[in-house]
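This is the structure, below, for whatever I ask next.
Letters are used for the chains, namely A, B and C, taken in the order the chains are written, and counting of residues starts over at 1 for each.
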Amino acid sequence: MSVSYRLADIAAKLGGRVLGDGGVRIAQVATLEIAQPQHISFLTNSKYRAQLDTTKAGAVILGEADADATDLPRIISGNPYAYFARVSALLNPFPEASPGVHPGAVIGEGAKIDATASVAATAVIGDGAVIGAFSVIGEGCCIGANTVIGSRARLYPRVVVYRDCVIGDNLIAHSGAVIGSDGFGFAMDEGLWIKIPQTGRVVIGDDVEIGANTTIDRGALNDTVIGDGVKLDNQIQVAHNVRIGAHTAIAGCAGIAGSAVIGRYCLIGGGARILGHLELADHVEIAAHTLVGKSIREAGSYAAIFPFSKTGEWRKNAVHLRHLDDLAKRIKTLEQEVELLKGKD
Amino acid sequence: MSVSYRLADIAAKLGGRVLGDGGVRIAQVATLEIAQPQHISFLTNSKYRAQLDTTKAGAVILGEADADATDLPRIISGNPYAYFARVSALLNPFPEASPGVHPGAVIGEGAKIDATASVAATAVIGDGAVIGAFSVIGEGCCIGANTVIGSRARLYPRVVVYRDCVIGDNLIAHSGAVIGSDGFGFAMDEGLWIKIPQTGRVVIGDDVEIGANTTIDRGALNDTVIGDGVKLDNQIQVAHNVRIGAHTAIAGCAGIAGSAVIGRYCLIGGGARILGHLELADHVEIAAHTLVGKSIREAGSYAAIFPFSKTGEWRKNAVHLRHLDDLAKRIKTLEQEVELLKGKD
Amino acid sequence: MSVSYRLADIAAKLGGRVLGDGGVRIAQVATLEIAQPQHISFLTNSKYRAQLDTTKAGAVILGEADADATDLPRIISGNPYAYFARVSALLNPFPEASPGVHPGAVIGEGAKIDATASVAATAVIGDGAVIGAFSVIGEGCCIGANTVIGSRARLYPRVVVYRDCVIGDNLIAHSGAVIGSDGFGFAMDEGLWIKIPQTGRVVIGDDVEIGANTTIDRGALNDTVIGDGVKLDNQIQVAHNVRIGAHTAIAGCAGIAGSAVIGRYCLIGGGARILGHLELADHVEIAAHTLVGKSIREAGSYAAIFPFSKTGEWRKNAVHLRHLDDLAKRIKTLEQEVELLKGKD
């Protein structure tokens, strides 16, 4: 990557106030600890302030409160972490993909691929599918019949989108993601499971990112819906008819069961499980590895984690969990007996 | 989809008793809430009975008890949910796949592909593999050498089946599923892990469905065996030498450790974990997110879920889990002391 | 597989002491229970010693303590399980892959593929990537630009390695594994998530095995690092900037959050979760389904599992978990009251 910018030019593009030498040339971002003179670094946690004295960074991004914490060339921003993200995006643009369809791709009848889009070797675009402007479809991706993908999408190799799905602009989907597979729906009849055809779609808004090997099932009758700005980490399972509100972020390995409705701006921790048909309000935070078994109507932070300990201690303590009700009753009995004894005095 | 049927024709095909106008034309299934006159809907939960009064559905499927709950054209069935599944399958047949091998597929030496089967572009069929009648092998699928797949299989894009596996009829496998990868077996020797070759196979019965990105490892020495009618949701991990009994259904993200034996007609909840070498009887139900650490010899429903609460309350309560044994001992001591005090009266 | 060896020849290659007829011909490994005369079996668990009397195995591998437990032809080894692993590897070599690039593979500009390496049909090798001697790149694999893979790697079909990653020798990677996808990093700014470009790499040592559908994210600024001899089972999630020490083994479905540092020779159970930025010492064992929420500085075994029970009993007991603090306070009160009552005597 040979891009580089003068500090003043960065501020001209992204805003913020320059203090010190605006002429320093910046080619990359780095942590304070490993930065070199061609790097810009940032301070978002006062715990690392001492590193400002020793860093070799050519420039730093600081919040207003830290504006004078160093003499290094610096940009002052109201939100230095977001500023850093924008500088990094400036210095690390997506690798270029040449527009056009690779001769080793397979394109279905009636598919509409924008002239500015790029389709890689071994990708397969289904009949009637639509690929928007500047979108990049990676190697081995399969886009189902009649699926519509908006503009500036970036699908890394081996993403599958089944037929009839609708995806907005600016999608980022990582390798192995599967969108639109059948939901898990069966009726039991005389000892056999009868498959319920999954006739809904997956509908995804704008600015969504989907992690590697994440799966999003199509709806059973109605659609599965992912709102604008939703960010899904790796290996998340989103079952049929789930609805995820805009700007919610979900960490790796979480599972959302069928027909759950998750609000806007929620944060769901890694490996958390949301049971089916529940509703979570906006701005709900769920701790990692927590199962949510009831709807949550109120914003706030929720958890259910068994604290770990040495296996011997865990065993000694955990055995009582099978007798908690008994322990509670014995406490109740003791209270009554003590009350009686006190009365006798 | 332009298929449509008269209500009476549906009953002629699938059974059930028609009440009201059997001539109404049905093109699709829908929920009571969003159904239109060309739709057939269904009532399986009395909670939604009021919707019968307001639905615009052209017809409905009802149980015997609800036969007179509406004047709409209707089919009465002993199992309305299964009936609905069958109607939906009638109205939503699998998209047609033309028989034959796409020129962009790669076929190994000695592979036997039935003339009625379909192999898509970029699929790879290994040497000596067998693909049965009317089976559809999707884009990017890889079928290993000498693997046998029965008739009417439907493999969505990018399913991998390793070599030497045996799969029955009517398999549905969703994108990203991996069948026959090596089990996780190593011997520690002088500080190094020595890999144990996984020489077993995966053997899968008839009528099995496997969800997106689910993995089923081949056996270490003997085989991993999945019974007839087993239904596996997305992102399930089935380790080497597991045996899953017929008609068991497992929800997303569950993990079954090596050599576990699961009975018939079990229901395993999402994210549940079954430890290695355990046995579960037939008709065992395991709640979501529950770890099973001992064999279960008796049919029934089992759970182990920590109830969630607001994070502050959770923290206050959870801290005592590291001292439960101490609490139990203090209760015991109190009981002895109270007994003593009572004796003193 | 038609390979076979005389027992004495096996010992000549792999060491160990032969007792009984060294001329018996061995073609395969098997358990004592199902072995036939052409098989070699092994005893590593005294629980199965009775099977030595009934096995039809042609030969067995035994530890020193069991050297005289049978008259069967046998090899005596200090570590019979590791010995068995080595015999099995001898009898079950990797299927041969012809060197060379299949005409259906797609090779980028400036990619360097060793003449002894094998690249299968539909594999895609990016610009400037390097594939070492005797490495086998399976069908549908995508190797990103400038990624370097050492010698004797075996990538099963549909492994993706993103650009700029570095992998040592002897990698085994199973189907669906994704290496080098973006870490999950965003800055919130005025209601929108701003993506933080993930500019680090994934760096993997020698002798690593990666299971099916496992994902390893690239670092945010610095690298994600997997040490020599690390063994990862299926469907494991390794987040950005994680560091895993040499010879650590992690079971299926485990999740390691961002920037966690795991020591050498750790054993992490299936479905376990390690939270972000924590450190685990060397030789730490974590039980299955356990969340680790604090750093662990001391070798040893740790657990946090809620013991399962019948659902009715579980419900009765679990309800008290929301009132544990209250129960603890009531015990405290009782103790004070009893103390008072005792004083009154």
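The definition used in the following text is that contacts are C-beta pairs under 8 Å (C-beta built on N, C-alpha and C of every residue); 3 or more make two chains touch, one makes a residue touch a chain.
Just so it is clear, the structure is predicted and the values come from calculations on it, not from any experiment.
Visitor: Same residues or different residues: which describes how subunit B and subunit C meet, taking over half shared numbers as same?
Guide: The interface of subunit B with subunit C is built from mostly unshared positions.
Visitor: Fit subunit A onto subunit C over the CA trace and report the rotation angle, somewhere between 0 and 180 degrees, nearest 5.
Guide: 120
Visitor: As a quick test, compute the distance in whole Å between the mean CA positions of subunit B and subunit C.
Guide: So the centroids are 26 Å from each other.
Visitor: On subunit B, where are the residues touching two or more other chains?
Guide: In subunit B, residues 122, 140, 158, 176, 213, 235, 253, 271, 305-307, 309, 318-319, 321, 323, 327, 331, 334, 338, 341 touch at least two other chains, as defined above.
Visitor: Enumerate the contact residues on subunit A facing subunit B in the complex.
Guide: Residues 106, 122, 124, 140, 142, 145, 158, 160, 162-163, 176, 178, 181-182, 184, 186-189, 191-197, 199, 213, 215, 217, 221-222, 235, 237, 239, 253, 255, 257, 271, 273, 275, 285-287, 290-294, 300-307, 309, 313, 316-321, 323, 327, 330-331, 334, 337-338, 341, 344.
Visitor: Residues of subunit B touching subunit A in their complex?
Guide: Spelled out, the residues of subunit B in touch with subunit A are 28-31, 34, 79, 81-82, 84-86, 88-89, 91-92, 95, 102, 104, 120-122, 138-140, 156-158, 172, 174-176, 207, 209, 211-213, 229, 231, 233-235, 247, 249, 251-253, 265, 270-271, 288-289, 305-312, 314-315, 318-319, 321-325, 327-328, 331, 334-335, 338, 341-342, 345.
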